[in-house]
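The structure under discussion is supplied below as structure tokens; questions concerning it will follow.
Letters are used for the chains, namely A, B, C and D, taken in the order the chains are written, and counting of residues starts over at 1 for each.
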Amino acid sequence: MNWEILAVLGIPLAGGAALALAGDRRWAAELNVALSFATFAAAGALTARVVRTGPILAFEEQFFVDPLNVFLVALTAFVAMTTSIFSRPYMRIEEDHGRLSAARLRLYHSMYQLFVFTMLLVLLTNNMGILWVALEAATLTTVLLVSLYRTPASLEAAWKYFILCGVGIAQALFGTILLYMASQKLLGSGIDALLWTHLAGVRSQLEPTVLSIAFVFLLVGYGTKVGLVPLHNWLPDAHAEGPTPVSAVLSGLLLNVALYALVRCKVLADGALGTPFAGELMMGFGIASVVVAAFFLSRQRDIKRLFAYSSIEHMGLVTFAFGMAGPVASFAGLLHMTVHSLTKSAIFFAVGHATQKTGTQVMEDIRGLIRARPTIGWGLIIGTVAILGVPPFGVFASEFLILTSAMRQEPWATPLLLLALGVAFAAVLSKVQPMVFGDTSEKFPPGRLPHQPALLPVFAHYAIVLTLGLYMPPYLADWYREAARLIG
Amino acid sequence: MTALLTPALVGQIINVFAAVLLLVSFAMLAQRRILSLIDLFAAQGFVLCLSTAFVAWATGQTHLYWSAGLTFVLKVLLLPWILHRLIRRLNVKWDVETLINIPTTMLVGLVLVIFAFNLAQPVSELAGTVTRGTLGIALAAVLLAFLMMITRSKAVPQVIGFLAMENGLFFAATAATYGMPMVVELGIALDVLVGVIILGVFFFQIRERFDSLDIRHLEKLKEE
Amino acid sequence: MSFSWSGAAAQLTELVLAILLAPLLLGWVNQCRAWLQNKGGPGVLRPYLMLRRLFAKDAIVAHGASPLFRVVPYVLFGAMSMAAAIVPTLGTDLPYAPAADAIALVGILALARVAIALAAMDIGTAFGSLGARREMMVGFLAEPALLMVLFTASLISQTTSLATTVETLSSRELAIYPSLAFAGVAFTMVSLAENARIPIDNPATHLELTMIHEAMILEYSGRHLALVEWAASLKLFVYSCIGIALFFPFGIAQGGDATGLLLALPALVLKLAIGGFLLALIETLSAKLRIFRAPEFLGTAFILAVLALLLHAFLETP
Amino acid sequence: MNSSPLGLTLAIAVAWLALGALGLIAPRRLRFVAHVLFPLGAVLAAALAVVALGAIAAPPHVYVAPLGLPDLPFHFRMDALSAFFLLLLGAVAAGVSVFAAGYIRPGEGTAPGLQCLWYHLFLASMAFVLVADDAYGFMVAWESMAVSSFFLVTSDHRQAEIRRAGYLYLLIAHVGAISILLCFGVLQGGTNDYTFGAMRAVKLAPFWATVAFLLALAGFGAKAGILPLHVWLPEAHPAAPSPVSALMSAVMLKTAIYGLLRVTFDLLHTQIWWWGVVALAVGLATAIFGVVFSAVQNDMKRLLAYSSIENIGFIVVGFGLTVTFAAYGMSALAALALTATLYHCLNHAYFKSLLFLATGSVLHATRERALGKLGGLIHRMPWVAWLALVGALATAGLPPLNGFVSEWLLLQAFLFTPDLPDGYLNMLVPVAAAAIALAAALSAYVMVKFYGVVFLGQPREEKLAEAHDPGIAERIGLVWLAAGCVALGILPVQVIRLIDFVSGPLVGKTLSEATARSHWMFLAPIDPQRASYSPLLFVVGLVVVTLAAWFAVRRFYHGRVRRAPPWDCGFPLLNARMQDTAEGFGQPVRVVFDPFFRVERELPTPADAAPRYGVKVEDPLWYWLYLPIARVVERLTGFVTVLQRGRISVYLMYSFATLLVLLFLVR
């Protein structure tokens, strides 16, 4: 009986129900924050326990915690908490600006909690079937959040999000079925045959032909949710049209979680095939995503689309790192997941308040933030510098590791990556700099924001990212190493 | 009774079911009228349900009865009913427009079927089930549904294609593995149900925004 | 750099001699020019008289002038005297030679040029800045050419110390250096330009559009003008001595023996006289170039100097 | 380790960071920032200079910090090379910080507190660059340097061209950083160990060594501003506040030289002779290009920026000579060339920062930076004018100031090139020497233009009448740097004794034995018989003769002076507009070096009611190199956007196709 897992999963689930029933109360937002905080606390406890006692199997092996997923659990819970802190004033302001009704807020809050629940379930479950179910559920919970504003654009985005991810994830189901079929012969039919721990135990005996096909389906399926080119088309729309907190968690968390699922499958495929086939596929998709996304960047006019494409780029980088495999590369990939989700969510916080302050998402109309509201301006420019991989921020640390191991393992990829990084740098900086600096444009709605924006999360995230760039606590490093070892 | 059911015979009967399923998929691919499309979807579900039940009976996999029942309730009764109501509520009476003309689609579908068989051949060798021969057909059904989604230009047919794909997957599960474990089956069913409900919500929202369910209205978000 | 009292004496004599003889050389050149143009000529001692008259006069300083304007003439004079002290004219045992070599010599000349150009811009007259600009234009082409000429000699003698150069060059019994021939031509062109001579400039005119040197010193008068003029004549003297030291070093006393010095003096005077006459001859025979042609003229000099260097590099290096 | 020079250096750097953080307490409190933080920063800088001075002779000292990546903690190492550049940093930063204390204003741009933060972060990161001993630590420090200076450059961000300058600057800095990262990737040569110690141990094949060298040349060149990566420099340096321009030009460019030396002579073992030729060629091109362009500028800070490019060219030429000599094993000559290089680094740091600070004072006193609107300031601001004169003469490379010394050394190094075994080389090198001489002469031209137009002549604008000298803090800063220029010019032997500690480990020989044989006043790098120069005697002689002349004139004649209107060939109505404009003064260079420029003229037609004459001189490289690249990228972005056309069926087709292709692959 393991109360931490129970709490980690139970709190958001119950919270979602509670917020749905509670209706539109003034304190809904505070409750949301409180629940997220409780979840984070529980996740902390779980982490502590795993660090203390090593991997955990619970509830007749249905749940499984090892260093790999526990660090993602902690990260998810943390970012979910900061995002809820940010969304409290943000959504109030949206309400005051008349873009949202109280009923929508109610939907938002309960769905937010359910979304967190589904992600945590994906991370914690030991059952590849449940993992699929939860990931699909994650789509379903967010699709209504994307269309929260009910504008034509948001509806279109949500529709594309739903159809593309739905179809994609259906392929993943086929892959799961094949996986089950392969494992059945070894583990007998029944629930055990889908438990990752068991699969991992026998992965070297799994049928290679089946596994290779299965992995293709899983890659296309989960890859769609990761946003790998050319399966990425839903991503920019969904990020740009949804409410900013949703963009933050989509980009900061959901992509990570989907990638986590993909990595778990890769481990099995590698075991069965004994060839670098799976890794090569992932590297190919990774490179494609990095390069294509980098070239997309310079055409953007909408600030949230801009950073959505940047997310594709970074996810591609991580996928490439995991594809390369090897202790250093996997370590770098995990580190990059962490710093990217922290930095990108913080950027979206800043962007959200910037758009509220200026009343537009069109970058040409956003000017001189640093004069309109210095904290927002600095938040945006520092985040941009960080996400572009400029030291001393942690993003550079992981990119340094990825690039250096690429130089050793996949020299052909290095120039491509560097080219893409250079192009992305030029594009993003040329967009963000004029928004932050210079004179404010007259179009801005006069006066201050009706609620004090919550910028603490922004700088908290940056502080963590900065620290990771300069100093990584030994236990954290060991933890990453452990996780990297699991990925292989 | 079961005695005179040699595995071979069982296999043949299941193959018959599979063939019918594939036939229905092709029919859906070719179908122009939306209401009959829904009926075909229901029919597909029914065939699926029958085959599942038969496999359960023939192989004694009792949990397959449950999934058969689930299929019946969900895909034969509930979803078609919901879709019918939607059609009536949104009174969309129009015929299905396709982006590619039907014969071409059929040809492509044919190629897909061959590809699917070809692909499933080595895999089904390895499956331990009497039903393994149908894996290729299941895959074909999935791919055909995919193709249908691509070619249809209206929201509802696309969704039906989506659900048809779900059917194909379900059939694949039965064929390759006598069905997934119960928990997973339930979870999948739940997802499908919720998905359809959300879709319903969507239809109304899209309808009220664009006063049409033609998804070609949904092409504003793009890069110039 | 062995210090010897005789050397110090020689050094001092050289300096004083240069300062005293410089105006004479100028007078001689003008006289020769007059003769070549069938004129009577002002007489060889004319520059001395002019200097004395200028010194006696009050110095008139323009209203807008800054202290810089009044300091420069002394600096100019000092710099030129230093240059004269560096170049070996009579003997090669100069205690001051190690303090400044060929490169430093070019440096001093550049210093003087910059100083006078700045002074010319100080008051802010049209002619002043015009003269400064043209002077610097001449300078940035002539200076590297001069440096290259000196380098050719330095490469031959494996040193940049002028004294040692002269020793090596004069001690070689008539070795033929094609590089030195090129260098000689380049040097002649450079020194014409540097000393404000035809074809680049005309010392005897105040024709506004063409003048360079005169334009810069328009605002000077009295003792300041005297010093500037004296410095100018020193410059001519220094250039002549460089030419002699590099191309006709024979007769310059090796070491510091008194007899050598005594013999060197008439030799020097003779060589200067010939040099001055040749200068006058060149001036008479050539016509003044338009100012826009000056860069081409000097560019040619520069190229010739570099050619000299190249010739040395692959003809004369074993 | 805290007592060791390295420990003290790190402590000082950290203290700088702390000062920067203090700036955030009260970002808008000018008095606190200006009168407390910046002076403290200056004190720290002076302390750093002292520490470095002591450390040059000390043996290398290593320290591994418990920071950085888990497998690659920050390594720090202090050797003579680091110490020398730290000395440069401290000595210059001391003067600049004092100046900045008086200089910074609240202004329209970034708040003083934030400026203080970025300024001290800039200083600290430069210090860290100089002591970093592993690739990661180096990159972190290097890029922090770029970012902090980027924020400083754009601190007056309301002007569009300043934002553009900042963007260009950071972009090229980043590209350079990428190239440096690649260079390290090559240097670690398969041992996945990125500490410099490990790189020293690796023996690279000639090919890879060459790759590493070229990558380093490109990467550090981008920061140093060598052709064709110089375009950011004339934009960014003028854009920054003057103290920052001074630091960037004086110290930051030198960190690039430091990196170049570190990679070429410390991390790489063998040099190949033609590396030197490449560097030599690039350096010459840079020097000529820089000086020619600075001659035609009419913005005083741009003029100085281009002059910085020229000086970097000189330094790279010296570097190239060093490499070639070292490759041929002529250690003594390599030491000579290296000494010239390092000496010029030091000199340029001093006189260029002096001039940039002077322009800063002019800027504050007149709110004008266009040369066409200045003039006659020597009357209004004598302090700045006379101190700037020192800087200008030093920049022009005139004896007895410091600029001349390094030029002298460099030319001496050239005079030894005939000893090179390669026939073509010693034919080529005289040409190089000629080009150097030409550049030096042109820099004199530039300085006469700069000084004459800004400080001499008549004021070209009414408002210049109320210009005035800056406050005491700024004067102290200027005096400090000017004194440095003079000292470095007068006492070269003592400085070279310091440099010997650097050149010994790098090229295996020093100049000390030669200098030791000669008298302390005489600079005789190889052999007194070959060449010697004694600035001290030189100055004494000059001063004595000049004073003698002065006394003589006073003694035998008189000192009477009458003031009168200018004569000007008798022209009565003289006014300020009759002086040469900056454009006019640059005209000869524009004519002689016409092919260098891309000139746009605005000529009035005879019918013009209000005729205007304008000349815009532009950098052709911008059109030949950079715009084409931009166009290519633009086209590529056009291609990718095809992927995102908004039609969902097409999107489904993509994933369908992907699926089929992959399935086809696996079967």
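Following the convention adopted for this analysis, a contact is a pair of C-beta atoms (placed from the backbone, for glycine too) under 8 Å apart; a residue touches a chain by one contact, two chains touch by 3 or more.
On a predicted model such as this, the values are computed, not experimentally measured, just so you know.
Listed by label, the chains touching chain C and chain D alike form an empty list. Counting C-beta pairs in contact, the chain pair with the largest number is C-D.
Averaging Cα coordinates per chain places chain A and chain B 31 Å apart.
If each chain is reduced to the centroid of its CA atoms, chain B and chain D end up 71 Å from each other. The distance from the centre of chain A to the centre of chain D, each centre being the mean of the chain's C-alpha atoms, comes to 44 Å.
A separation of 103 Å divides the Cα centre of chain B from that of chain C. Annotation for chain D: residues touching 2 or more other chains are 641, 643-644, 648, 652, 659, 663, 667.
Across the assembly, chain A contributes 159-160, 163, 167, 213, 236, 296, 299 as residues in contact with two or more other chains. Listed for chain B are residues 119, 122, 146, 149, 215, 218-221, 223-224, each touching two or more other chains. Across the whole structure, chains are in contact as follows: A-B, A-D, B-D, C-D. Interface of chain C with chain D (complex): residues 1, 55-56, 58-64, 66, 68, 70, 74-75, 77-79, 81-82, 85, 96, 98-101, 103-104, 107-108, 110-111, 113-114, 117-118, 121-130, 132-134, 136-137, 139-141, 143-144, 147-148, 151, 154-155, 158-161, 164, 206, 208, 218-219, 221-223, 227, 292, 295, 299, 302, 305-306, 309-310, 312-314, 317. Partner chain B is touched in their complex by these residues of chain A: 127, 129-130, 132-133, 136-137, 140, 143-144, 147, 150, 152-153, 155-160, 162-163, 166-167, 170, 173-174, 176-178, 180-182, 184-185, 189-191, 193-194, 207, 209-210, 213, 236-237, 240-241, 296, 299. If you check the complex, the residues on chain B that touch chain A are 119, 122-123, 126-128, 139, 142, 146, 149, 155, 158, 162, 165-166, 169, 172-173, 176-178, 180-181, 183-184, 187-188, 190-191, 194-195, 198-199, 201-202, 205-206, 209-210, 215, 217-221, 223-224. The residues of chain D lying in touch with chain C in their complex are 375-376, 378-379, 389, 393, 396-399, 404, 407-408, 411-412, 415, 418, 423, 426-427, 429-431, 433-434, 437-438, 440-442, 444-445, 447-449, 451-453, 456-458, 518-519, 522, 524, 528-534, 537-538, 541-543, 545-547, 549-550, 553, 556-557, 560-569, 571, 574, 576, 578-580, 584-585, 587-589, 591-592.
Listing the residues of chain B that touch chain D in their complex gives 99, 115, 118-119, 122, 146-147, 149-151, 153, 215-216, 218-224.
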